[in-house]
Amino acid sequence: MNYTLTQLPDRTEKPRQSGLTMVMDKGLSLREVEDFLSTSAGHSDIVKLGWATSFVTPNLKDKIAIYQSAGIPVYFGGTLFEAFVVRNQFDEYRKLLDKYGLEHAEVSDGSIDMNQDDKCNYIRTLATQVTVLSEVGSKDEAKIIPPYKWIQLMKSELQAGAWKVIGEAREGGTVGLFRASGEVRQGLVEEILTQVPFESILWEAPQKEQQVWFVKLLGANVNLGNIAPHEVIPLETIRLGLRGDTFSHFLDK
Amino acid sequence: MNYTLTQLPDRTEKPRQSGLTMVMDKGLSLREVEDFLSTSAGHSDIVKLGWATSFVTPNLKDKIAIYQSAGIPVYFGGTLFEAFVVRNQFDEYRKLLDKYGLEHAEVSDGSIDMNQDDKCNYIRTLATQVTVLSEVGSKDEAKIIPPYKWIQLMKSELQAGAWKVIGEAREGGTVGLFRASGEVRQGLVEEILTQVPFESILWEAPQKEQQVWFVKLLGANVNLGNIAPHEVIPLETIRLGLRGDTFSHFLDK
Amino acid sequence: MNYTLTQLPDRTEKPRQSGLTMVMDKGLSLREVEDFLSTSAGHSDIVKLGWATSFVTPNLKDKIAIYQSAGIPVYFGGTLFEAFVVRNQFDEYRKLLDKYGLEHAEVSDGSIDMNQDDKCNYIRTLATQVTVLSEVGSKDEAKIIPPYKWIQLMKSELQAGAWKVIGEAREGGTVGLFRASGEVRQGLVEEILTQVPFESILWEAPQKEQQVWFVKLLGANVNLGNIAPHEVIPLETIRLGLRGDTFSHFLDK
């Protein structure tokens, strides 16, 4: 840090289990990745190559290598996993992870129907190969999952071997955890936390208001994801109470 | 492509007449242009230097050269054409195109009143010099053009020598083809397509929801424009059914 | 400029007292700063390192040096001043300004309660060390300041030694001068201008609609701030009547 301020919340340090920032790369160039790392590597824990952008991204191997050499693991968005599964190409997906030297993978069912046993089997299988993040929640606005069901899904996926369960939002932040307005479904989040450990959940929160909401409710070291590369530094200030929105939150009363 | 997936829609290949992606550059630096090309040249067909940003952009000649040497033609936004015309400087505009070695130009009347004969004359004149894109639709929310009139305008402009007619939107995507809410005027688009060839129209669709709407209605190879540089890769995944929004659209039923 | 157009409004030249563009940097990398300067240095007057982003930005000294060597002064966002004050670390703040060779500073009370005498004392003290910008308006949507009070605050802060007073908005542009909808509080702006000199005020206007509104009301050379780096060239075209939104504004009738 560039100077000293008192009354800042304690931040966990990398590698960490809580306080994770997961960044969404949806097509950065190699030089943009370098730029990003030069400012934000210290505040970024893991990078997702959004949905199936990896399919059309040139220099994919080089890009992954740049992130990895900065100590930041990379994984493919869950939509890519689903694209392989829906085409009966799951074995090819497993080979793909090895081909690109990935040590993390996401299991999700945001765009396809998958029964929970099958999903947990995918988690179990992939967990023998990589560290698994599994995502709960649909990308479809019409599919409302009641709170008890969120809890049941999260628990069974952690039990199947998921390292973290992800609370689904879309890039724009309007489904799953969020109402169409972008507002957080507060009761849902609170009920989930009565039964699932805080550090096991990574909340997708692409919009600033959502990040503020989670930091105010759950503190500086909440796990947050789908953060745009240019928003990692702003998010870090929100976590530390150094932006207007959370300015008073961590001060001594 | 970095790996193989079945059941993808056929994409046309460059140079193409349909499936065009027109990108809007509103002031990139030379290095940002290089970055953009390193990821997206293969998915970009033509670049517009937005409205009159070329007036205040340094290194204009170098910038155009970088795009052209990547095989991507560049043209000035229609507002610049209008700025010259409204000042009775049309001859100077023609010289400007040559000075910068441009092979495309846009004719539009989004910000000025111009009768249709005059507009078609501008198209005819410019078509002797460059490839012309002509834009239909006003930037003024109050000016509603009925469908039969859109069709008549598009037909006469194509007949006057326009290579493509552009369905006007603003950078933010809220007039012309779109309601103030950003929603597409579906009846308008469908009626236009009964009379004007699909491949002759380039639809401005700067917002993701609009891109999704056009791909679902008209397929992977619809011509889309005003795409922000960082949205070219995401758009390509929408075209291919590899983003949540169009995930099921191209799959075998 | 790359070509000649008649009927353009006169723009003041750097260094200027009116027509200022203040840019918000919320975490650019060194190379991104270079890119920004290569396109926009000529149209940028001063750069703010947004709120307390300087706390977590690596290479801070180098970044400031790059801006300064391009002739563009840099200052820390007002929230950082407040973060030091609320912790009784004001003397350290003054040393920090010297350590980083800054010649400008912002005094604000957007996130803390400060009585007006104290605020003016901070302005007076800092004005012996640097050029002071002081900000009026709360970041809290619930705190509505009536127009007579805005005027009184602005006058007393200018009298205390502020070079410019800033009309507060948030990065997203939704409080202070703006309603929750982002709409400008027109009556407020007009009443302020009956009593406070035009060139002494710098209006925060991060959104395009706000920039257009101020240029239409106050002309090409209104002072505008919180402009995103990639929006400086677009703003310059708005100032010059070379974007659709202000296209007709400066033309001879």
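Going in written order, the chains are labelled A, B and C, and every chain counts its residues from 1.
Note that contacts are C-beta pairs under 8 Å (C-beta built on N, C-alpha and C of every residue); 3 or more make two chains touch, one makes a residue touch a chain.
The chain list, named the UniProt way, goes like this: A, B, C = Phosphosulfolactate synthase.
Since the model is a prediction, treat every value here as computed from it, not as a measurement.
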Query: Are the two sides of the subunit B (Phosphosulfolactate synthase) and subunit C (Phosphosulfolactate synthase) contact the same residues or different ones, given that same means over half of the numbers occur on both copies?
result: different
Message: If I superpose the C-alpha trace of subunit A (Phosphosulfolactate synthase) onto subunit B (Phosphosulfolactate synthase), what rotation angle comes out, expressed in steps of 5 degrees from 0 to 180?
response: 120
Message: Need the CA-centroid distance for the pair subunit B (Phosphosulfolactate synthase) / subunit C (Phosphosulfolactate synthase), whole Å please.
response: 35
Query: Can you list the residues of subunit A (Phosphosulfolactate synthase) that touch 2 or more other chains?
result: 31
- prompt: Which residues of subunit A (Phosphosulfolactate synthase) touch subunit B (Phosphosulfolactate synthase) in the complex?
  reply: 26-32, 50-60, 79-80, 82-84, 86-87, 89, 92, 96, 110-112, 139, 170, 172
Residues of subunit A (Phosphosulfolactate synthase) touching subunit C (Phosphosulfolactate synthase) in the complex: 1-7, 31, 34-36, 38-40, 42-43, 208, 230, 232-234, 236-237, 240, 242-244, 247-248, 251
